[in-house]
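Sending over a structure as structure tokens; questions will come in a sec.
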């Protein structure tokens, strides 16, 4: 490995690295996995900062990042590439995974369980000691991953069902990192960095978020995410009253049920003006 | 942002803006979300005015509007674009989402839950801080959304089932606006603006609509919409007797069951001549 | 609107208008909806005359008629049009809906609930105040419907299940017309017009049909339609004995069960020789 | 209609008409329906002679016959035709239904319930007073059926399930003919005509078949068809002992269950040597 | 029929005919069906010799053999043929069924129930008195089967479920042959012919196989086939100890359950050293 | 067979053969099957070394290895090959199975039950005495497998369900090899060879793995694999504390449940510092 792969110490983070305030050892585990050429499995709820963590680590390591939002109609071709017809000749266009393999970048498969099996299985040989990508459509071309390549997948354990789960043979190739919403002091820093909102308003928003997360409300399948708190702060800065902002950015996305949204609104009114 | 994006005050609405009479703060929340570069999730029953609200806001903001009726066979290509074979060469044709991203317009996905996952997921990176659209078919081209771009999706909470629901990871990227049928005084203004019907007949129609909406009839999955009242008024103006118009435009679409339609007809006859 | 769109009064029906004897106000409601630029939803059992009613109204109004039998494999392309490869160039061929939109004709979607959602949803923007058809495959071309255009859909409420039903957001855009089999005096006129059969034989056939319709037989999911009575009369005119004709044209299509068909045959023998 | 469509009387059947010995009035009903331009729905068990009846009538009427075995992957294109790529140009190839419509022949859809809805629905406009075939792929070309055209469909009521049944709107357009296995004297004639087997052996075979048909054996979903008796006679003529022939051509196809086949074998041994 | 189709008597079997030792009258029935131009339905468990029987009969009759392993994604095109694009022109390539029809060979559809309905139904007109193959893709070309053509299908009754079964209308066109594992003396001959193993070892293997077949073990869905005994003998000849060979070739393929495989291993150890 | 196919004795293993430490007779059975031209069915849990065993045997035998990760969207074309459009001509590209057949290599289908039936069935004629591959797309081309060709498939019995299982007709063509995690002394050797970790740390890791495997925890569908122990050792060498490494590489991939992961963490803390 070259020196560009050396992880800079925390004080020497380059200025264009997106802010990510670590909660536990997630940055260290991620980086050690990258050094060990092992893939990473990021777990955690919607809006807790998975995407930001990946952007942060990729920038610190100085490697390009290729992000793919997985979905149930995604096939191996969406990752590997395909022939495109162009003026009566055909031209191969690399997919994001192939680009990452060639460039030594991080390929981040967001919500990987949504993808079809052929897409997920196509990464198996990249995820074990072989670090190879086999592209059958190119006549069985086998690409050895460039140094720096890493596969990262994320998923939200709260969503999984029997029908849609990551196969054990895929999971066992990965180093797992379990994330959750950050504690109050970290979330305060995130709010300040993203929206410039600080002081009492920030304090009220954080406490509102934590109260909603502590709710044991069967009608809520998810809770107020860090992202929702950031959106609330931005609406307030755009001129909406704090309560209207929080109802729109927190309560309304969380539930379609009038009663549930009513209970959330009562909470909102007790924290915000 | 340029000055063309400045929201005019309420007294300065340009004359070609479609009429929309606000019920609560929906226009303000919508506009604040647009200023904050946050996507909007419109919720509400069929025919309550969601489409009209979007047309109104887009015209006030002076941005182009791209409307897409979602359905279960809609794919990402329907939104992003596709290669079309033309005289032995292929030509890329932008889809409505790509056009909105390039032009800084509003892309409105009507009844978004009907769309397939690949279509919905393709908007994720546009719906968070990245505001990027990645078009794999164009070799991984990444388009940064032009200023003014906003994603708006609508859906009808009454329809949702376990099988067809908006994923939380999609919802939590959005600012929610909960709509319902307008109160009598607002609906009266709508009727006058759309059909020219006023006075007693308008009064009778509005009271009929409100009575039907108050019905607690298990056989009705929906109620008399503002749109249905407008249709009734138009049939009357075309020469149909009021009762026949209301039976055809309100009762018949609401139910195929003879008894249910009979109960509605009795109501109609008590309000109209 | 031009004068060719003026509805002639009942005495001035042109001679090439297919015969349709109105039972209630269905022709008036249909015509008022056409004048009001509102789509029509025709409901009624198989063989009660829905197709004939549409042919009649279209001819009276002097507008072209485009009929589409919907089915579960029908897609938006079947309605809108598609590119056809022709001698190494591609050529766009309008579908029936697009032709009706351009020509200001009536587009009649027979048994609309059989169609796939993408086909049904593609008509939404034509069915409300916009009266626009958006053809994505032509680069987002938006066609404004020509004057005279009307969308008409039919379905048989007796068939609908939870899985196959017209969405409320579709129904609420329509003016509904509820049809049923005509009363004896009207059906007698139909029989005479279609087959020339009158007098006692016609009388016996009509009474037979009405008796079968009054049967409360759980084994029958449908009843003797006007179309089946017409077919019986035609077989008789082709030389079959009346009983054999009625068994073949009425009893056999209605049931595969020997006992049920036996009960119908007893009825037939009590009315016909 | 031309004189070639005149049905010859029974004594004047041309010599190349396939033998069919009528059981009841099925040939008369079929012919009257053809004269009346009404489609026919043939019902009856496997191997009772439905295909032979159609061949017989078509030959007697002197019209060409187009037979299509329907199956669950059959689409409208299989009936109507399709564009075939040929040396860089495309060429339209008529399907069997289109050929029958142009030539004034009989189009026979064998086991029609197996076909997909789009295939079945594509015949609706041919099956009512319109007698038109609309070919969207040819730009909405509408073919008027030539004189002599008739649609004939067959199905086996014993097979139908809730999932696979002929829609009432299809059935009610048809004249039904209910068939069953022929009585002994007719079946004897069939055996002689098809295989030359007569006398005691023919008698034994016929009685064996009738005994098996009378069995009330829950393990048998079908019974010994006329076709199976003919096959047995042919195997005997090819040198197999009668018992071995009947076990192979009757018992083995009817059941995979050793006990059921054993019971049938005992029966066979009591009738044949 | 030409003289090459004359069946040679048993003493005159040509030397390149694959060995098949008949158990009952299966070769005679098969040959009589071929002489009678009737298709054959071979039933029997995996590895009992169905494929070998077909190879044997085809070679004796001197006709070419076309074997197709059916599977659930097989379509009619896989049997009939397809157009293949080749250097900008298209070329029709006959499928195996079409080749057999043209050449007068045997077309053997192995495990026919696995095929999709369109593939199975496409053989119906070949399987009755018509002996015709209709190829719609070639413009409705109808091929008359050459003398010598025979359709042979096999399936394993033990596998069939409600969902996957041969339709009665297909079965009743066939002459059935029910096979099972051969008796000891025949299996001994097979073992000697295939592997050269004779004497005590052969004796032990045969007795082991028969003991396993007599087991009434609910955990076993199949039993030790003749093919598995042959494989065991070959592994022994390649140097493996007999017990290890039998565990690998018989017990391990039969079950994934440790206990079941343990019981089989105990049996193996009691017969082999 | 040529001399290059002679298996070298254990002392003469070429230096570039990947290390595999045999647990029982798996290498001998595998090699005997290869000599006997019989296919192999490898069974065992995720991460127990199936892929490594195949790599080892292929290298020892000096034959090329073609590995295919099977998945539910894999078709026969993915194995056999396909026509690829290239500059207006089409070119056939062999799939990995076809390459192995031509080159006399081992074709290894990893997790074969994931593949679609058409892919699995396409190997049947290669897996019995015929050793032939039939490529219909090449006009029925039949390839005789070159000497040295062997088919190897793997699957994990713990995963199988009723819906996804290897058909008996496929299994019975194979020689089965049942694998499990290696005993402690073998696993110690693997750890040393793969990561250089020996001594107390290796000892602790191995004992931790064995303790987890002995757990009778209903919440665990799989256990700590050899691969997971290797990953833990690599993370430790990359600088992570042993406990953090084991939590990330063992506990987190095994479960998304906080309690289960907590129990595993307690175990980890009792073995590692």
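The chains carry the letters A, B, C, D, E and F, assigned in the order they are written, with residues numbered from 1 in each.
In this section, a contact is a pair of C-beta atoms (placed from the backbone, for glycine too) under 8 Å apart; a residue touches a chain by one contact, two chains touch by 3 or more.
The chain lineup, named per UniProt: A, B, C, D, E, F = CbbQ/NirQ/NorQ/GpvN family protein.
Here the structure is a predicted model, which means the values were calculated and not measured.
Trainee: Which chains make contact with subunit B and with subunit E at once?
Mentor: Where subunit B and subunit E might share a partner, there is none at all.
Trainee: To get from subunit C to subunit D along touching chains, fewest steps?
Mentor: The fewest steps needed to get from subunit C to subunit D is 1.
Trainee: Which chain's mean C-alpha position is the greatest distance from subunit F's?
Mentor: C
Trainee: Residue numbers at the subunit A-subunit B interface: does the shared fraction exceed half, giving same, or fall under half, giving different?
Mentor: Here the answer is different, because the shared fraction of interface numbers falls below one half.
Trainee: Starting from the mean Cα coordinates of subunit B and subunit C, work out the distance between those two points in Å.
Mentor: 31
Trainee: When the centre of a chain is set as the mean of its C-alpha atoms, what distance in Å lies between subunit B and subunit D?
Mentor: A distance of 53 Å separates the two centres.
Trainee: Which subunit D residues reach two or more other chains?
Mentor: Within subunit D, the residues that touch at least two other chains are 85, 88.
Trainee: Which positions of subunit D touch subunit E when the two form their complex?
Mentor: 46-47, 51, 66-67, 69-74, 78, 84-88, 93-96, 99, 110-111, 114, 156, 159, 194, 221-222, 225, 227-228, 231, 234-235, 237-240, 244-245, 248-249, 251-254, 256, 261
Trainee: Which residues of subunit E touch subunit D in their complex?
Mentor: 25, 28-29, 32-33, 35-36, 38, 41, 43, 75-76, 83, 85, 88-90, 116-118, 120-122, 124-125, 128-129, 134, 136-137, 139-140, 157, 160, 167-169, 171-178
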